[in-house]
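Just passing along the structure, written as structure tokens.
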Amino acid sequence: MKSSVARWMYKRPKFRLVALLAAPTLWLVVAYLGALGALLVTAFFTIDSFTGDVVAQFNLGNFQDMLTDPAYRNVVLRTLGIALSVTLICATFAIPMAFFMAKIAKPRNQKILVALVLTPLWASYLVKIYAWRSMLEPRTGVIDWVLGPIGIRSPGFGGPAIVIGLSYLWLPYMILPIYAGLERLPNSLLDASGDLGAGNFYTFRRVILPLIFPSLVAGSMFTFSLSLGDYITAQIIGGKLQMLGNVVYQNFSINLPFAATIATIPVAIMAIYLWLVRRTGALASL
Amino acid sequence: MSQTLRKTLEFISVVEPASVIVSIRNLSRTFGSVKAVDGVNLDIYSGEFLTLLGPSGSGKTTVLRMIAGFEKPDSGTIELGGRDVSQLPPYERDVNTVFQDYALFPHMDVISNIGYGLRVAGVAKEERIARTEKALEQVRLTGYGDRKPAELSGGQRQRVALARALVNRPSVLLLDEPLGALDLKLREQMQIELKELQREVGITFIFVTHDQEEALTMSDRIAVFNLGNIEQLGTPREVYENPQSPFVSEFVGQTNKITMDGRQINIRPEFITVSKSAERGDRIVKGKLHDAIFVGATTRYLVDTELGESIISTDPSGLLDVGDDVVLSWESEKEFLVK
Amino acid sequence: MRKKRLFSQIAVASAIALVLASCSSSDKKASETTLPKVEMMKSLGAGEGQVNIVAWAGYVENGSNDPKVDWVTGFEKETGCKVNVKVGSTSDEMVALMKTGEYDVVSASGDASLRLIYGGDVAPVNTALVPNYADIFADLKNQQWNSVDGVAYGIPHGRGANLLAYRTDIVNPAPTSWGAVFDANSPYKGRITAYDSPIYIADAALYLMKTQPDLGIKYPYALDQKQFDAAVALLKVQKPLIGEYWGDYLKHVASLKSGGTVLGTTWQVNINLAQSEGVKVEGIKPVEGSTGWSDTWMISSKAKNPNCAYKWMNSIVSPESNAAVAEWFGEAPSNAKACDLTSDKNFCTTYHAAEATYWNDVYYWNTATEACLDGRKDVKCVPYSEWVKAWSSLRNA
């Protein structure tokens, strides 16, 4: 039985291909593109001003509101700023950490370090952010309590707190691709650069950085997009500061079409980001 | 100083006045519990082609990497042109390396790869371009400047790696098994090219290999490594014809060890003639042809002898069939003793 | 290349299909304010075994927060209806939850109830099927926010005022006016909180009503454009003072406890929770009066468990449960008989349950509409949807 089915399949490569791709295609079209399409369509609807029911009537009012109200321009710029800062900070911390893991640590310790980097991912997102809340709490928080006596004060809840929290959350997503990239990088290239007279910084700039650039881009896609869409961190340690995700969260129960309109912004930003990344050619070598 | 070394000195001094460019003293390096290099002493002369020959794990590569500065010695010194460099980082040493995997920068084209060292050194653009072009010409790759390493064949990459090192005009060029990844034909061709190039540029080459044939072909002198130390240092001829230890005699070339008249005799297979009747030489042993193994240019004849041992010969006389009664003969002066 | 084109064609096709599907499925016209016809329950049958409730925090307690605070277990035993509760943080969230049709009952405040009624999301309530309805204070029945044209849409649950909370050990002197949270030079700058919902605009309007008579505000939920702008402007002045806006009551209590928040609007239940954890905090109704709520239990027009829902509505306003909820949440009960059953015999006096004059300056949450709720005919008022936009804009600026 089994073998005859296998033989039948073997003679029909097209059928095999269809069978293989049916589920992922269905998923892509229905769940992924479908949801995205529904989002885009809803953005052009409106609501009944009294009951709050969604009214399927095409209009551009939501986009008009979004583009004319300076509040939304601010929140877009603020969110972009946070996402970029988080990405930069993650890269700054991840590169030396990944370098140590991949090139300096003994092979046995490498595995331990990778495991350690992964450990925080096992803890709940909320637990970690609430932990940061108690760290950053002004006056009574851990930072003020421990570091206050030496003059270091918590930045309190707000933009810096969000950047710290998100950087902490997404750091592993930056370390791992860079670590993988550095592991692929032959040690002999580093030796060769030094051999040709380059100091460590020169080697980093001219050899390491260009070669791990695709990994950096891969990591940045995580840190950037995850930050761009986040709202819970802002809710918990952002004080009164809101990010794009908060606007969506704030509006989706009251004015779903407007929330959908706002939600198109991160989609657009990510599209532009990917387009820029594509132009650098980093995607090709991923 | 050993007798061999003195002999070598005389040999070198015929070519040019010998001056020591690399002087290694009591060099040691341990990895974990393994003594990779164990008290090596070695003087390398300006302009010579010196090969560090040995099996893997014998310490030859570690010595090379310590000269380059990629590894730091646990003890001992390395002097380069009279200056102790053993604690300096690679970028402060006037040596360049050709790596086993070539280590070309994959994101740079050939020109940038070759010009890397010059750029680091701050050489002006015009001079950089001129020197890079000349180096390309030297390794016969003119016109390949804008290719990426991935677009080159193994042999071409090898030459780029050479050019990248040589363009900096180092006082010493280190080559870490650079021909290992090439196929036999290309390897033999590159051996000749390398040797010619070395004569042309006059730079000291320190060449690491585990291939004894390669070492014999190219070197002015060979240092045979075993277990972290140098077993023998000498010209290829000295090492081949007069190995100073059982290890060297077996590692360099093939050796028949025969017990005759109560003492051990060592003789290379190519000096033994195998024939139906005694042909030449004062030594004669009878036997039966056990096997004939065709290996291309030669055939290896395995003979079961009256001494109860098998002897290998590569010098046949006349047509022989397996099972024939044969006579082995050689000149006793070709025999060598091993201490 | 060919594959790429195929994928984009599929994407476009599915998008078009979605547009068509969503257009045809909801043919409702915009700004439809006629009352949808929803059938009323005629008689009760057997329970369905469960009931799904959307409620304010503290309204549905099964002893898990405090073993002594439990009116759910008894109900479940008695009726066989298992209670599943979803706590809503704001009226807007509750409205959204009820629109899903997944829930049977909701404790709707005045700013949600009318939206639910006119959205066709809740059904009229047959008060004859709720025996305890008879004991409810008359001044809570058939009000603007829980009935339409004399038809009851819910069972009154209780009422309370939004209080001004302050940490007694930090805020000195004790505040008496809402001015404390609108004072640009407040010494507690950065440690003041406000309720994170568009309805909070009414709090600013109430303060202006009392302090700037020139604006002519008569009712905080009936604001013409000028009055509305003034209220929003006041909130913009307030924003730099705010450390955090609160929506999640647990986070709010934690913040009062840590001292991150020392002053701001709250509910009595939050003060009770904080005090039970030893926080030195008090809540007052300031001299201007305050906004507040009068909540109503309503039944979904799509209720899957209507019998259990009716049983729940009857049970939660029973004298025993109503007394327990009122005491736990810190609000005035709606059932007159509940006052005899509170553990604190003065409770109803403290919370002014039967004292009509106390409620004179408490303005229950209501949904602002274009037709001014204060009866003015010469101007249009700013509808709640605009409050939502203004609040969103204020929060994100």
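When the chains are written out, they are named A, B and C in that same order, and each has its own residue count from 1.
In this section, contacts are C-beta pairs under 8 Å (C-beta built on N, C-alpha and C of every residue); 3 or more make two chains touch, one makes a residue touch a chain.
Computed from a prediction, not measured in an experiment: that's the story for all the values here.
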item	value
Other chains in touch with both chain A and chain C	none
Middle chain, criterion being Cα centroid separation	A
Chain centre separation in whole Å, for chain C relative to chain A (CA means)	36
Chain A and chain B: spacing of chain centres that average the CA atoms, whole Å	53
Between chain B and chain C, centroid-to-centroid distance (C-alpha), Å	88
Residue list for chain C, restricted to those that touch at least two other chains	none
Multi-partner residues of chain A (at least 2 other chains)	none
Residues of chain B that touch chain A when the two form their complex	68-70, 89-91, 95-97, 99-101, 103-107, 116-117, 120-121, 164-165, 168
Of chain C, residues touching chain A in the complex	10-11, 14-15, 18-19, 22-23, 25-33, 90, 92-93, 95-97, 99, 114-116, 118-121, 190, 198, 239, 242-245, 248, 251, 258-260, 367, 369-370, 383-386, 388-389, 392-397
Chain A residues within the chain B interface of the complex	186, 188-189, 191-199, 202, 206-207, 210-211
Chain C-touching residues of chain A, taken from the complex the two chains share	29-30, 33-34, 37-38, 40-42, 45-57, 65, 69-72, 74-75, 137-141, 156-157, 235-236, 239-240, 242, 246-247, 250-255, 258
